[in-house]
Each structure stands twice: as C-alpha cells, then as structure tokens.
Amino acid sequence: MIIDQTIKQLIAHALAEDIGPGDVTTAAMIPAESTSTATMLAKQEMVLAGLEVAGEVFRQIDPAIECKLRAKDGDRVVTGTEIARLSGHTRALLRGERVALNLLQHMSGIATLTSKYLEQLKGQKARVLDTRKTLPGLRQLEKYAVRVGGGKNHRFGLFDGVLIKDNHIKASAGITNAVARARKNAHHLLGIEVETKTLDEVQEALDASADTIMFDNMPIEMMREAVKLVAGRALVEASGNVTLDTIRHIAETGVDFISVGNLTHSAPAADISMKIT
Amino acid sequence: MIIDQTIKQLIAHALAEDIGPGDVTTAAMIPAESTSTATMLAKQEMVLAGLEVAGEVFRQIDPAIECKLRAKDGDRVVTGTEIARLSGHTRALLRGERVALNLLQHMSGIATLTSKYLEQLKGQKARVLDTRKTLPGLRQLEKYAVRVGGGKNHRFGLFDGVLIKDNHIKASAGITNAVARARKNAHHLLGIEVETKTLDEVQEALDASADTIMFDNMPIEMMREAVKLVAGRALVEASGNVTLDTIRHIAETGVDFISVGNLTHSAPAADISMKIT
Amino acid sequence: MIIDQTIKQLIAHALAEDIGPGDVTTAAMIPAESTSTATMLAKQEMVLAGLEVAGEVFRQIDPAIECKLRAKDGDRVVTGTEIARLSGHTRALLRGERVALNLLQHMSGIATLTSKYLEQLKGQKARVLDTRKTLPGLRQLEKYAVRVGGGKNHRFGLFDGVLIKDNHIKASAGITNAVARARKNAHHLLGIEVETKTLDEVQEALDASADTIMFDNMPIEMMREAVKLVAGRALVEASGNVTLDTIRHIAETGVDFISVGNLTHSAPAADISMKIT
Amino acid sequence: MIIDQTIKQLIAHALAEDIGPGDVTTAAMIPAESTSTATMLAKQEMVLAGLEVAGEVFRQIDPAIECKLRAKDGDRVVTGTEIARLSGHTRALLRGERVALNLLQHMSGIATLTSKYLEQLKGQKARVLDTRKTLPGLRQLEKYAVRVGGGKNHRFGLFDGVLIKDNHIKASAGITNAVARARKNAHHLLGIEVETKTLDEVQEALDASADTIMFDNMPIEMMREAVKLVAGRALVEASGNVTLDTIRHIAETGVDFISVGNLTHSAPAADISMKIT
Amino acid sequence: MIIDQTIKQLIAHALAEDIGPGDVTTAAMIPAESTSTATMLAKQEMVLAGLEVAGEVFRQIDPAIECKLRAKDGDRVVTGTEIARLSGHTRALLRGERVALNLLQHMSGIATLTSKYLEQLKGQKARVLDTRKTLPGLRQLEKYAVRVGGGKNHRFGLFDGVLIKDNHIKASAGITNAVARARKNAHHLLGIEVETKTLDEVQEALDASADTIMFDNMPIEMMREAVKLVAGRALVEASGNVTLDTIRHIAETGVDFISVGNLTHSAPAADISMKIT
Amino acid sequence: MIIDQTIKQLIAHALAEDIGPGDVTTAAMIPAESTSTATMLAKQEMVLAGLEVAGEVFRQIDPAIECKLRAKDGDRVVTGTEIARLSGHTRALLRGERVALNLLQHMSGIATLTSKYLEQLKGQKARVLDTRKTLPGLRQLEKYAVRVGGGKNHRFGLFDGVLIKDNHIKASAGITNAVARARKNAHHLLGIEVETKTLDEVQEALDASADTIMFDNMPIEMMREAVKLVAGRALVEASGNVTLDTIRHIAETGVDFISVGNLTHSAPAADISMKIT
C-alpha cells in the first residue's frame, strides 16, 4: 500500500480534527519525558487492513515512535492476536491512539466483510466488486481494503470508466445513442458499461457493442436468461441490494462480477484495542 | 445546521475525489444545455439527516440548481417518501448525485440507528452519547447526525474535556494523582471524567472529586452498585459494547449517560435513491 | 468548459504569483475609483481557446467587472479581431491583464497548433491525440485546448487507462505477461494499450488481445505493414516525433490515432493584447 | 537552486495531477519489490536546467530512490549524453518519469532558447531579459531557467518594481504625472521604468527622472536616436516582438536590456528520455 | 512545547510572506557554499519563550543548520545573554533571521509581561488568566507564552467552555434561562461561566449553579462583597481593564482568577538580535 | 483596502481557530432564528484601521449580516464614537465578535501609534517608515495600518529591495563588494540600501553608489555629520530604537526616513467594544 500525499493529508486532517489545540488530558498528567510500550490487539476474528496507515498516524505525531507490526494486511487473525507493538513517548502514543484505531477498525471492517462475501463464492467464477458508495475522503483507503479482503475494484470515480445508468439513458434518448456518443467522445482506453433492467435492454446494449452490461436489480431468473443472451460477447455485472444471503444465487447465474455497496457504506467496524503495557 | 468552512471543504474534497478531471459519461452524452428535474426518494423507513449538506453538494457544482427540500432533518419518513426535488442542468445533477447520496445515506443511517437506541430507552432518564469512534474528517457531520437522531454528544475531541482512561491512569500513578493534575493544569471550564472498572476505582474517583465517572464494561449488577455508591455526587456514564439488546438493562441501573461507539462507526447506510423524472 | 475547483485554484494561484503583496504601479498612480473599458485583440490569426478562463481571472479579482465575450472558444479569428471587451475598475483590469493573457495565449496557442495538424489530415480517418507531455498543473486546460482545436484526448493520467510502454515490458518479462497481468488486475473498464517497435511485437500484442497497439517511432513502411497485420482487431496509434511535415504520411498508413507531444509541450503562445480604450 | 516550499508544492500538485488515485499500469504488472536502474538521456543538443527539480520529483515519490546527476544545470550537452542515473523501486521510477521529464524538458527548453539569444549578442553589452509572460504557477522555475541560460531576470511580478505602461499612462494623465505619483507612493527601494513609443515620450520620461526607459516596439533607427537622447541618464530596455533574427540589430543601437517574451511563453521543450537499463 | 502541524504551517506561511520569490540580497552577494555561525543575544532582561519555534524556522529553511540552544523557555535572562548559537549556510541563516526573531520577540514579550503580573501577586492565591484577545493565527503560541510566563490559560476558543456574557444574556432572556439551556445542551464535560456586573446578577448566577462567575469591571469593593456572597460555591474570575497597577488590589478581594487581555494583545516585543560571528 | 485572497484566508483561519467545531455557548442558548443589532464603539481616542477587514469577518460567517460603517479607515475618533452597526442573526454576530475586534483593535492600535510618531514630526521633511518586524501572517494588514496612520512603508519582504546589513557585509567582504554584486545580480528595478554605523562606512556606501544609506543606531551628532557627507547624493534612513521621545531630534538631523520597529511589533491594541443593542 502506497502512503501517498492524499493519504498523508487525510491523516493530518484526522489528527487535527481529534487533537485540535491540544490533548488536555495527557498534557495535564503525563510528563513530557515519559515513555511507554503499547500493544494493539484484535478483539474479534477479522481480516486486517490498514496497518501501514495506522503506522503513518504515529509517524506523523512523532517520528521517534517505534512501530513493530506483528501481522500484515490481509492476514486473518483470531481474537486476542497482538497485531502491533508501539514504543515511544507516552503522550504521543495516547494522542494517536484513537485516530489510528478509527482507521484500522474501519478498513479491517471492510476487508472482513469483503472476505465473507468471498466465502460465499467458493468455486464460482464471479468476482466481488465495490462501488462508488464510499465515505467522502476515504475512497482510496476503502477500495484498498476491499482488495485486501479479496474483492476487485470497480472504476474509482466518474473519470476512469464510462458507466451509462438509467438517468443517463433517459437524458440521452436511449442506449444505442448513449453508447455511440460515448464511443465517439470518451478516450479510446475507456471501456463502456451499460445498466439494463430488461432483456430488451440487454439486447440493445449488446447491439450497441457495450463492453460490459450491468444487470440492475434483475430477478435471478432473468439474470440467467440475460447471461445466455450475452453469451460472452460482453462482460456482465450483477448489481442491486446484494447480500450475503443472495450473492451465491446470483453468482450461479454465470455473471462475471457482482457489485456490493454494503462493502464500503455499511461495513461494521472491526473491534481492535490499544493498551499501554 | 451550519455549513461552515470545514464542511464546505469536505464536500469540495469529496467532489474532487469522485469527479477528478471530469465525468466522462455525462460529458460524452449529455448536451451542456440539457436540463432535468430529479427526485430523491427514501427506499426504507429512516430518520433523515444531512439534507442541507446534500443541498450544498449541488450548490458547489452549480449555484443555479434549484433544490426544494420536501422534508427536514429529524423527520422520520417511510419508504417511498420524496425528500427533495432538484432542477437544473442535467450534467450538474448527475455529477453531484453520488456524493450527495453518500453523505445523506451515511448521516441518515446514523440518525436512524441513534433513534433505535432511543426507542429502547423510553421512560428512562439515561441519555445516549456518541464517542470519538468516528470516521476521519466526518466527525462534525456524524455528531450532528447523532443529535438529529435524538442522541447527545460527548466531547468533540481531545481538547474539550478531560477524560482519564485506563492508559492515562497507568501512566500517571493512579486515579487520585491523575485527577489532581487535571484539576491543576487543565483550564477551569473543563470537566473531568474518570474511567473505572471496579467499585474501588469508582470510590477513588469519587474521593478525587471527578465530575463524571465512567463505568467501563462493568457487569450490570456492578453498575447498579456503583450508581448507589456515587449517589448523585458525580454524573455517571456507562460504556463498552453497548447494543440495542443491552441498552435498556444498562439504563435501568440508573446511569445518566450511555455511550455507544456503534452509532458512528458501524451504522449501516440508509437507502436513498435519486431519479431523473 | 466547466470552471471547476481545480481551475479556480490554478487561477487564484497564478494571481497570487503575479500580484504578491500588491500591484505597486497601479496602487501608486490609478485612483481606486477610476473605471475604464479595455479590449482584447487578436494580433495574429488563431483558433481561440480559454475565453471563459480569462473571464474567471477578472471575476476573481473583482466580481463587478463586466466581461463581454465577442467570440467563443473554437472560433478561428484573424489579426485585429476584438475578442472581448471588459469594463470596470481600472486597477482591477490592470491587475488581471497579464494572468488572463498568459492563460489565453497559451491555450489559444495549443488550439491553433492542433488545428494546423488537423488541416494536414483532411480526408483521412486518423485522429490527432495529445499526450501526458503537459506542463505541471495545466493538464486540464491544455487538454481542453486540444479538443477546442479539433484534437482528441488520450488518457488523462496514469490512472484512467493502461498503457504498457517499453519500460514496463522490460520490467515485467514481455508483452504477453504484461497484458495478462493488466487484464487480471486493472478494473474491467480500463482498456489496455501496448507500445510496440517491431512487427513481432505487434503480433505479440495482438495475440495477447491488447485493445490498442501503439507503433512507437516506426518507419512509415513498417507502420503500413503493421496496420495490415492488425487488420482491425485492435485500434492502432502512431507515436514518436510527429511533425506537421510527417503527419499526413503517417495517417496514410491507415492508423486510427496519431499522438503529438508538440501540441502541449511546444506550442508557441498566440499573440493577444489588451488595451485600455 | 533552492527547492523551496512553493516548488515542492508545485511538484506535489503535478504528481497528484498525473497519478491521481494510482498508476494502474505499474500496479498491475510490476511487483512492489522490483528494483531497476534508469538513465536519462539528452536526445538533442541543449543547455540543461531543472536537474535538482527532477530529482525532487523522485524524492517525493520515494526518498529511497538514489539519483546520481551526471551533469549540472547550465551544462551544454550533446545528443546522447547521459544526464542522470536513477536507482530504486521500479514502480516509483515509472510513476515519476513523466512529471520529472515534463519539468526538465520545459526548463531545459527555456535555457536552451535563452542561450541562443545570448549567442546573437556576443560582444554586445546588451543583456537579455525575461518578462512576466510566463505560465501560471511556473514563474519561479521559468525565471530560474532563463538565468541558467545566461539571461537576466526582469522584475518577478507586479510587486517588485514600478513599470508604467501605456495603459497606466492613459489612466493617469501622462508620464510626468505617473512618475511623480510612483516616486511619492511606492517605497524608496523600487525603481521606476516607463514604457515609451516616441522620442517625445522618451524625453518626457527622462525629464520625469525615470530610472529605466523602455522602448516599446520602436523601429531600430528610432531606438538609436533614443539611446543618444538618454545619453546614460537612465537605463534603457528594448521590448516588443524580439526574435533571434532581430536581436543583434537591436543590441547594436546601444540599449542596456532587451526583453524577450518568447523565452518563457514559446520555448519548445528540449527532448529528453528516460530508459530502464 | 509540541511543534504540531498548525505551528509548522504558521511558520511556513511566515517564511513565504517574508521571502516570497527569493531573498534578493543574499542571492546577489553571498556565495551558496558560504557557511557562518550566528548568535542570538538578549538585548534586555526578559523571560524567554519560543526557542523551539525559532529553531523550527531554521529547520524548515535548511535541515542542515545546527541550532544549539543556550537557554530554555521560561528562563529569565539578563541583557547580553547568548540564548542560541546557529551554524550552517550563511544564506539560510540570513533568510530565517527575521521570521525567527519576530516569533521569539513576540512570544518572549508575552512571557515577560505575564511574569510582571505574576510578581504583583506574590503571596496571593489568585492566578493570572489570558483571554481570547489574541492575534489571528497566533493563539496557540501566545497561550503557550502565557503559560511559560507563569500564567494559566482560559478556554482556548468558543468551543471548549461555555462563557455566558452580557450579549448572550440579553439575547436569551436572563441568566437563569441561559444557564439552564447550557446545562441541557452543552456536553457534560463543559463548565459554565457567567459574566456578572452586579451583586444581584452574582446571586442569580449562583442560584443557577454556574460553575464559575466572572465579575466584569466591578469596583473593588463590590468584588469583595461578591466573593463573600459566592463563598466558595463557584470559582470566581475578575475581568476588565486589569493593569499592573490594579491587579494586586483585585487579588486581595479573594478572587480565584484575574484575566488580562493585555498579556496577548498589547505585550511589547522583547528585544533580541542575531549576529553573524 | 483590497480584501484579497491572502486576507480572506487569514480571516477564515482566524475564525476556524476561534470557533473550532462550534460556538457551544450560542448554540446552547440562542435560537437559530433570533436576530439582533449590535454596535461597535470606540472606548478611547484612536485612528481607525481595519473596518473593511472587520466587515469581511462577518461576511464570511453570514453574508446576510448587514454592516453599516459609521466611520472609515484613517478617521480619528473620540471615546464613545459608534464606528459600525451590524444587523443579522444573533448567533452569527456573536460568533464573529471576537475575531473582528481582535483584528480591528490591532490594526487601529498600529494606526494610532503611527499617528503619534507623525505628530512629533510636524514641520519636518522626514517620513516614518515601518520595518519587517511584523507578526507572522499579519504583514499585509500591519503595513496597511501604518499607511492609514500616516506612515510610509519600507520594502515588504526580502524580495522587493536590496538591503545590505552588517551581517551581509561581514559575509561578503565589505560594502564596496556587496553593492557591486547587488548591482550586477539583482534586477534593474531594485534599489540598493546599505546599513552603516560610522562615517567611514557612509563614505564607502556613497562611493559604491548606494541608492539609500541607513544610519544604524548612530548618535544624533554623527547622523548630522553623515547627512552633510551624503549631501543629497543618496536617500538616508535613520534606524534603531527610535521612540516617541527621540524621533524629533533624529528628524532634525535632516534624514529622509526614520524607521520604527515599535509601530508593528509593540503597538498596544486600541480599545473597541461590541454590544447587542
């Protein structure tokens, strides 16, 4: 994982948000010269994601903090596993604790949830995709966590792929027209995906030579038909209210991708604590 | 809700993250002069939060978009309720859709979850508090959503309240000592709260004149004892893995506050859609 | 052209760079209340680009300046054409003059040069592409100017298209391998282009199912062979030291695209002046 | 050359512009641990400028990249000269390549063009000046490149020198008046330069005790007269559509400075490549 | 003193403000390779504050500058005391001199003035408080300097304490009402202070259970009465035009705190020079 | 006074510093819809400076606030004068009060102190100059306030004038050498000033053709000699610990400028209050 300028600024911003003009508790009672060792522990089974990000939090507060990772992103760990050990100024450790945990718990929560979807797909070719349903400012980290959990990313934003949805189709006089305009105007390395709701629309998208066809909230049976209709001439993505209960049935229709908004907008935080030892 | 500089910048950042160098889909197929009307619909029962924030998203993209709110923050709405109607350039509407929904769904998700905790407390004096377990950059919005859902905020960050936790106690030689240092060094308008795990610690915090005493992960029975011990000489807060199933039992012990990390770190998004009409 | 946050910030930055703590000349001699009308004149034949951008420069300095555009982006104008007329505070007009002209001259220079390449291609199917050889911070404006001049954009950056160049091939053990990894790891809406220097490499890229094949600095004759080899199974792009003298010969080989670094890194400024009238 | 905060931010911005949420090509096919050595080669004769800037590009991406410069700014190198050798992570080298080259080619292009103007002035006292006709955000780097090429800088912006142009004169009732106001209001360390178009205006500027007199687009013969008229009582600068063909004739009139907008707004990029070895 | 992101940015901003596009004096006459040693000397008796901040100024300009502090914040030094010795590039030393001194002189001026107020209070329990009457952007440094001089901080801003002033009372229908609303709406760790002008108001604030009562511009005699009235049931703060001449009389009334706007808005700079040795 | 981007950002930063995540007092007790009128009153005699800046503070908080100025910058007002009247939301008025007053009091303090120095110079030709001894981030506002008070600005920073001080002279082998290098390397519109301590140094600076000669901490008698020695061949500036008591004597030596650090680093705040009416 590359800790680039965007991520560094996100962390700096999160620290400013939490610490503001100062941590009044540690300033009042912890001597500046006091040092400690702290340990981060998994308090549930989880797939870890964000360890480097958590390390960067402490590095920004005090580059002298030593951070030994005991695990790495992608590891599945059980309750009680020590995942990192930090040594340095007590004040710095306590100032960084909450921001580091907030990031680590959110990212591990996403990776863990993604891995649960993956488990449902054992033996199936379908891959789990994320969506643009992410939290403002966190997309890069959330999409990374999806990859760590075994998922595959969909396009990052509005700029790296053409995705023609119902609203676009309404506003541009039909699928055929919309795809033709995309082919003419978008640059030649951008694939074109079309959202469809009926078999007729699938056929129209196919005739327009869409690269990928999305089945939006289709019944399982219709999806199966649609996969047959497409017959490999385009990639196909199933989308819409996918849950752990329904994903396997969807996969069995033969789709290539299944996108799941829950992965990023509704993943519960994974429980991790930090304790001074 | 005041849309201050911090929130404006968060939205600007979210738009940059999503749109990057351009929305290739709308640019390719929607004429610049095309206008549309869109409607936002609740797709589940929820308590709304973030309508002004969503409005600001579209205002930043194009000040000419007209945004008529059909509901207001705090309203409980049922599936199918139209919550806002937007008119303006089609390109602008489509560019803002995802960011507006991401914010609105996250904030409404938090307000909705908070209201569910509140329902469990009918007839009890205990109030639901949030925590600092928020997502980086979103604390102001998330804490607002908790208030909209009927909860009360805890301190905002490390700077506006002294909260002495186990790690601080370990690092500063006991509760008595820690409270004394806080009283001496923190400014006179900051209250002091102490985390306790046993009745002995509650007694020590009480003797040290803590303003608030937190019961951290105590069994229900011990909390009941602790409330009696305190006998109104300090405010008391229950904390630790509180769920919808346990909160009423906790409240019945007589605590003043119950803090719930789930409100902000694990609230599932509320389902809202936007459709061109 | 959408004047988004990125462009507004670029302009704000350019104004700060030029004005710093103040325009000492106008402050010393022009009364604050003085108003004037100024006119912008083309001093050579050119294709205009950047009029909205120039307008935004003055809007940032003083929203009260009235800016009447006499032409629009994409217009071909002759020497002496009045392209805009500005009225408002004299100090504001003079403070904005240089930054507005610097942007307008650079963008019109690019549009004009692009249109010259286009003229060479009359009757050919090949389209002129830009490259990532742009000036830091100006890519969005430069790529817009290319479009205004009749060119088509290549990918915007490293993130919205897979382009496998010689350096990537060297570092990943051959074209076949590189394309396979891209297909597996990049998201499904990103097309894959491969740089080739020989007919063997073209064949390998074709076998690997590259979406686009770039002919890098190939002799005309080899390009003609290569186009035949590809036979429409992939798009083809010619690249490398393309000039006004060579572009038609290249087009006649039958390639789909010809990319030209000169468009953005070496376009001379178009000559435009602003005069108080 | 001092790589100050402004330049660091320009580079950070250029990298964000090019890399966005990630380099999809290298991420897909180059293993994170792969290392390489790359070499930068001059592909034409040029005067180098910007080597430290290019080095900073790679330093920002990965401080572990080793960058050995084989030449230094101001060196005139021939085609094929190796100018730098870089070792480090392959991904980092490829991520920085384009931004580093874009800066280096632009700056070397300016230095090279400046040196060509200098060559025309052998044996003349006149010095070549740049102008404020620079690209937004790049002024510091462009003016540095002019110095590297042997030119001298004019004022940096509107704030570090009084330059009274025709527009100012029109708006402040004549040269005499304008210079008097500047002398009274500008601080005492700012010199005053006046733009003139006729011998009468030169005389008026002289009488007003201007420190420098600019001859704007004067015919050669008039300039010769004007130099005699001034007779060393002020510095004189020739300005207006100066080219490589005309600069020597202008210099021979005896002016002190000749300013050339082309240096910064129309210098073609110098051709430099980077290859993994 | 923690040099956090906010302080680093303040310093970066101050350096950009002073250096702009370059230090023309040192660039013109000091060779880049020249090194020097400089010493900072106190030119009056003072309490030092800001040494780490001054060190950070030079570190930002050139991390290679060696900065040996000869004293530390809080030291009272006499005229002629060497307080720091700096070695490194001459250009860097001269570029940083003014910004470092401006900060050091301002902060030491505040610490010195605070210590003078403290001297007036020998033997009294009253403590000197600062206010929010600080200079924009400098609050963190100014409040730190107050602490270094022996003072105690009041709340940092509008967010970390409830302070109900006359304007609030007017706008919310009386003290009783205002305190009740604060108790209900502000979070439970925020203390509530009420400004009073008469004994009746003191009584009302007391009845409303204010945590702290401020006596605003009360005559000494009234303050004495008010202290008796309060009788330890709330903390009391005296405020309003406190000077070195009046502070002891105020303290003798028995108040807990005396707040002094002068500390931060009117402290004369302490005189410190830097000389190349 | 131009409220440019720099000043707008300074104000935004000051508001963020003071308000942080929210004004807990007004939020708790003032209804959102409450409106009020407030008046700003001078509480001492003063020269006003910063009224537009104070207006911008409220404009940033709430563009709907109506701000009627009753006086203008440069007006000398007596105690009790109403200087502005503000109407709008009570919350907004109270949120902006402190930041607006902090700026207005600081700037008016500087203008008032400057005017006092001016009064000492009645009938003398010498003009009062400010220095670079300003507070970080406030230079533009402070130098404006000096002008409002009747003073003249010295150079703004290190970039708009060559000022050769003792440290530069030591580091570059003498005055003659230093001036020669400045003349050669600095651009032609920058004047050159030399700091001198003895008559010999004055002579050397004169021989080197310095544009301005500074007399640094010279005794009055020596200054008188030095003025004679210079005899109008350069401008002369007196500098060093100038006070209200000494400035007239210095002026009587015949110097052109007297620079006073106190104006900006030690001006006491002017007393201004804001009251809800």
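We call the chains A, B, C, D, E and F, going by the order they appear; numbering starts again at 1 in every chain.
Criterion: contacts are C-beta pairs under 8 Å (C-beta built on N, C-alpha and C of every residue); 3 or more make two chains touch, one makes a residue touch a chain.
Treat the numbers as computed from the prediction; the structure is a model and nothing was measured.
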Between A-C, E-F or A-E, which repeats the contact pattern of A-D in over half of its pairs?
-> A-E
Result of counting contacting C-beta pairs for A-B and B-C, higher pair = A-B
Chain C-chain F separation of Cα centroids, rounded to whole Å | 45
Roughly how many whole angstrom separate the Cα centroids of chain C and chain D?
-> 22
Centre-of-Cα separation between chain F and chain D, whole angstrom | 34
Residues of chain D engaged with two or more neighbouring chains | 19-22, 139, 156-157, 159-163, 187, 190
State the interface residues of chain C toward chain F in the complex, per the touch definition above.
-> 12, 15-16, 19-22, 60
Can you name the residues of chain A that touch chain D in the complex?
-> 2, 4-6, 139-140, 143, 156-157, 159
Complex contacts: residues of chain A adjacent to chain B | 10-11, 13-14, 17-30, 34, 36, 38, 90, 93-95, 97-99, 101-103, 105-106, 109, 132-139, 156-164, 166-168, 170-172, 177-178, 181-182, 184-187, 190, 261-262, 265-266, 268-269, 274-276
Within the complex, chain B is touched by chain E residues 152-156, 159-163, 187-193, 211-212, 235, 237, 256-257
